[in-house]
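There are two complexes below, and they share chain A, which is joined by chain B in the first and by chain C in the second.
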Partner chain A sequence: MANKMLRLADVPALVEAMLAEAIVVGPSLSEQLSDEAPAALYNEIHAPHDLWLDSGRPAKSLKEFFFPPREVLFTYRLSETGVEVTEPELETRPRIVFGARPCDAAALPVMDQVFGWGEQDNTYFYRREHTTIVTVACDAPENTCFCTSLGGSPTGTAGADVLLTRLGDVYHVSVLSDKGAQLVAAYPDYFREASPALDLAQEDTARALEEQIVRKIDPAPIRDIAFDDPLWQELTQQCVDCGVCTFLCPTCHCFDIQDEGNEAEGQRVRLWDSCAFRDFTRMTVAQPRPEHYRRYRQRIMHKFQYYPTNFDAALCVGCGRCVASCPAGVDITEIISRLGASLAAREGE
Partner chain B sequence: MHDHGTLTPTVMTVQRIVEETPDVKTFRLAPVDVADGSWRHAFDSGQFGLFSVFGQGEAPFGLASSPTQVGYIECSIKRQGKVTDAFHALAEGDQVGYRGPYGRGFPYDELVRKNVVFVGGGIGLAPLRSLIWNCLDNRADFGDLIVVYGARSTGDLVYKRELDQWLARSDMQTVLTVDPGGQDEAWRGNVGFVPAVLEEVAPTVENTLVVTCGPPIMIKFVVQSLLKLGFAPEQIITSLEMKMKCGIGKCGRCNIGHLYVCKDGPVFSYAELKDLPDEY
Partner chain C sequence: MSDRGNHQDAMRAAQTLAEMQPLLRETAHHLLSEGQVHGVLGFCETVTPGVVTPCLLRQPSECQKLVLNTACYHNLAGYLVGPDGLLKGARAERNAPLAIVARPGVLRTLVVLLQEQQIVREDIVVLGITDNTPIGLKPDVLLGELDRDFVGGSQHEELIARLQAMSTAERAAWWNARFAQCVRCYACRQVCPLCYCEQCVVDENLPQWIDKSDSVASNRTFLLVRAMHLMGRCVNCGACEAACPMHLPLGVLTTLLGKEVQTTLAFVPGSDGTQAPAALGCRIVAGRGEE
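Here is the complex of A and B:
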């Protein structure tokens, strides 16, 4: 598909045009945090000036727009004739995510595998199908980013329909999917013809940006690490099981299902959950993961051994949020390095 | 528009409740809109469903009726927590939620033309009962059928009327036992733990598959007894229990290594199990 060019100066008018037809979600200044250091969150935006395209990595990932932290599955009401179950109406307007970071888009195909295998999750895929994803290349990756170790990059294209790469006062527009082509075709006044020279400039920029990712991990050895490796017990004693890493993670997808209400009326909800929590696997008669180390092992093994065994990819895109936000200083890249070094040392013996 | 929500249950009427023991009840359920006895639910014995009392929550239980049964399904629930308490408080005519069937059931096709030994403990007889009736309804397709079933006490034996029917049949062998101290004066069965009784029964190894369900500690010792009797790990089939929410491989809590009990199980052969991480 032919690439395009978008002038920075045209972005407000383009967003205005999109808002007339679709829900637009993008990085914007978080109001809750506005008296502290400015931080971006992905929010629904209502005017072009809400959008903050060079915000850096938003505090939370994009996953809540497909897999909400609290989702009403249905309401129930007991009447004379029995139980009446009503599912909520889903949003019918199309949705455009404008300005997602490539790592957050890359996480979506990873989650698609889980929500799609066996019985498909209908509401998740409804939202996926109704959303077009426009990513913007990362101009200034953070020192906690490690996407290049997981197959991504600041100009990565996985999960995106359109990628914007800033080149001076224009964006190079990579059209990546049919949905992306439809979006670009819908706004011909703004998405203009691009010269071959612009493509070359984009490639140069992509290479330069990739070099800015300095944090590296090698997740491959974790594919072979033993479940009963003695290292597991010492690795993360400072972890306080708060679950922040799992909630901020764009690929963590574990959930709980709870009823809210009484026997007359209420709703069943799906809620984000975390393998860090003791209750996560606790049954009335047994608890397979009573100690902390078992729960952290589950997190690492799920991301770098179990999911790869099932889907041939890691359950991690290297966004670095868990590294940046852990209150106890647990650094997953350091954990991976220590496990890898320990394995190598033992193999050398 | 989207289809029916993946996690939305079918509303079912509780047609009948049988009190099996002081803490186990069996619930007969059919969809509210197919109450005329014509409902056919396609599933394999050993598969499970998510059963819910609206307002109290959902929990996984094995399907306890045979797939050959037309008109309804049954599940047997032991009272031991919030959702199970809510089930025990139900009356006939109440409505509940059901979604399923889920998971991999017993390998019925592999059992055909073989001798089958069913080894159950306590409420663990529920999924076996589904399979036993399935086999009995196609009796000519199988070799010898042997049931070894035990509970803590005579009062804890489930499906007592059906146990009597099985004892009376000449085309199967049924051996019942209760744990030492669990017998009463009327008890005519064995007294002893299930693994020990199984070793006395000593079923033929050749051309035989063993299906066992019960408390984890019982399964552990049953497996040891079977290996001692000469059975290979491939001949031993069991069913696991783990905490589950979705039942369809997404909520992320029932995995043992890369396998999901809800999706790859709950039925596993011992040959498969012994290679899994010890976290269940």
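Here is the complex of A and C:
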């Protein structure tokens, strides 16, 4: 598909045109956050000036727009004739995500595997199909980013329909899918012809940006790490069992199902859950992971052993949010290194 | 434990965290080498510049890893209590107490935990940093004196004044916009040393007092119930706010409730180790409400 060019100066008019036809979601500086520490969040955009494309990594990932933190699965009401069950209405307008980070887009195909495993998750895929994703290359990766160790890059294309790479006062527009081609074709006034020289400039920029990701991990050895390796018990004694890492993670997808209401009427809801919580998967007889280290082991094993066994990829895109936001300074990249080194030492014996 | 506290007598109190760091390392090394403590709970560097992690050191040789800087906001007292607390049970198995690095907010937390009988004074050796506020616990080793703690405290005066100038409806809207941002990760609760309940009300499901749902109403209920449960106990150490991934101004809630307790009961948590907890030992100050 032929690549295009978009002028920075045309972005407000383009977003305005998109808003006329679709729901637009993008990074915005939310004044709802503390005045002292403004950080961007992915939000629905109501006007072009809401969009903040220079914001770095938004505080939360994009997953909530496909897998909401709280989702009503159905409502029920007991009547004289029986139980009425009503499915929720889904948004019918198309949706455009404008300005997602490549890591957040890359997380979506990773989650697709889980939500499409056996039974298709209807609402998740409905939202996936109704959404076109325009990513913008990271021009200032953070020191906690490690996407290049997991197949991504600041100009990564996985999960995206269109990738914008800033080159001075224009964006190079990579058209990556049929949906992307349709989007670009729908706004011909803004997506202009690109010269071959612009493609070359984009490739140079992509290489330069990739070099800015200095944090590296090798997750492969975790495939072989033993469940009962004694190292697990020493790794994360400082973890406080909160849900920051899992809730900010673009690929963590565990959920809980709860009924809210009473005997006569109510809702069944699906809520984000976290393996870090002490009551995660607690059963009547017991808590299967009573000690802290068993819960953290679950997180690492799920990401780098169980998911890879099922789907041949890691359940991690290296966005670095868990590293940056852990209140106790737990660093998944350091954990991976220590586990890898321990395994290598044992094999060397 | 006869030579606890010798260090501060020997030298002028350090006034910056950087100045205190060598004394901390030296003291920790000494305490571990002499077998006076079984471990030192402090902060160590991580591979990320500017990020520290709580660490429990057991060997004198490890003490060079200890750091002291403004990234050390975590309230280490949290590791002493709760279901997995380091001082939980098995006291006989330890042959020596545990040393803990404590900035002013942490010192005040230790006072409350002692008052609430969650820890025993003899189980800890306090490597403390004081400030110009009353603290109801004398550190065993004084690392230094700051003008004020580097997290927590009353750092919201301007915001509180702005909120109090609003109408009730405006203020409710302001708060609801913030409660809407809560992701219910419970980091605030998990980092709080005074949230040591073995079963939190928000985790109860028979009956379900508070919806698990991430909604404005249930987020508000959770955050206000937590703040109320800390009323007269919270020392404003600032750990909850520093941990919040959504940067919610949680300290405003605890500060306002703290002011209420101070005015009504003349009680400042953590300031006086001889007092009983506010809910047990205080009398309403005469004349309150007559102005």
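Please note the rule applied: the second predicted complex is superposed on the first by the 348 of 349 C-alpha atoms of A that agree within 3 Å, B and C clash if a C-alpha of one lies under 4 Å from a C-alpha of the other, contacts with A are read in each partner's own complex, and residues count from 1 in each chain.
Just so we're on the same page, a contact is a pair of C-beta atoms (placed from the backbone, for glycine too) under 8 Å apart; a residue touches a chain by one contact, two chains touch by 3 or more.
Everything quoted here is computed from the prediction, not taken from an experiment.
Chemist: Have a look at chain B and chain C on chain A after the superposition and call it: clash or fit.
Modeler: fit
Chemist: Touch check for A:312: first (chain B), second (chain C), both, or neither?
Modeler: It touches nothing on chain B or chain C.
Chemist: Applying the touch criterion given at the start, work out whether A:256 contacts chain B, chain C, both or neither, answering first, second, both or neither.
Modeler: both
Chemist: Scan A:82 for contacts with chain B and chain C and give back first, second, both or neither.
Modeler: It touches chain B, and chain C stays clear.
Chemist: Using the superposed model, give me the angle at chain A's CA centre between the CA centres of chain B and chain C, as a multiple of 10 °.
Modeler: 90
Chemist: Contacts for A:224 in the overlay, against chain B (first) and chain C (second): which applies, first, second, both or neither?
Modeler: neither
Chemist: Applying the touch criterion given at the start, work out whether A:240 contacts chain B, chain C, both or neither, answering first, second, both or neither.
Modeler: A:240 contacts chain C only, not chain B.
Chemist: Tell me which partner A:120 touches in the superposition: chain B (first), chain C (second), both or neither.
Modeler: It touches chain B, and chain C stays clear.
Chemist: Once superposed, minimum distance in angstrom between C-alpha atoms of chain B and those of chain C?
Modeler: 7
Chemist: In the superposed arrangement, what residues of chain A touch both chain B and chain C?
Modeler: 256, 258
Chemist: Which residues, counting only chain A, touch chain C once they are in their complex?
Modeler: 30, 32-37, 39, 41, 59-60, 69-70, 143-144, 237-238, 240-244, 246-248, 256, 258, 260, 269, 271-272, 274, 277-279, 291-292, 323, 325, 327-331, 333-334
Chemist: Touching residues of chain C toward chain A in the complex: what are they?
Modeler: Residue list for chain C touching chain A: 46-49, 51-56, 74, 78-79, 83-84, 159, 177-178, 180-181, 183-187, 189-191, 203, 208, 211-215, 239, 242-243, 245-249.
Chemist: Quick one: which bits of chain A touch chain B in the complex? Just the residue numbers, please.
Modeler: Spelled out, the residues of chain A in touch with chain B are 73-74, 76, 78, 82-83, 85, 87, 90, 114-115, 117-123, 126, 227-228, 253-259, 261-264, 266, 268, 270, 273, 275, 280-286, 288-289, 294, 298, 301-302, 305-307, 309-310.
Chemist: Inside the complex, what are the residues of chain B that reach chain A?
Modeler: These residues of chain B touch chain A: 1-9, 11, 13, 32, 52-58, 80-81, 95, 97, 102, 216, 241-243, 245-246, 248-253, 255, 257-258, 263, 277-280.
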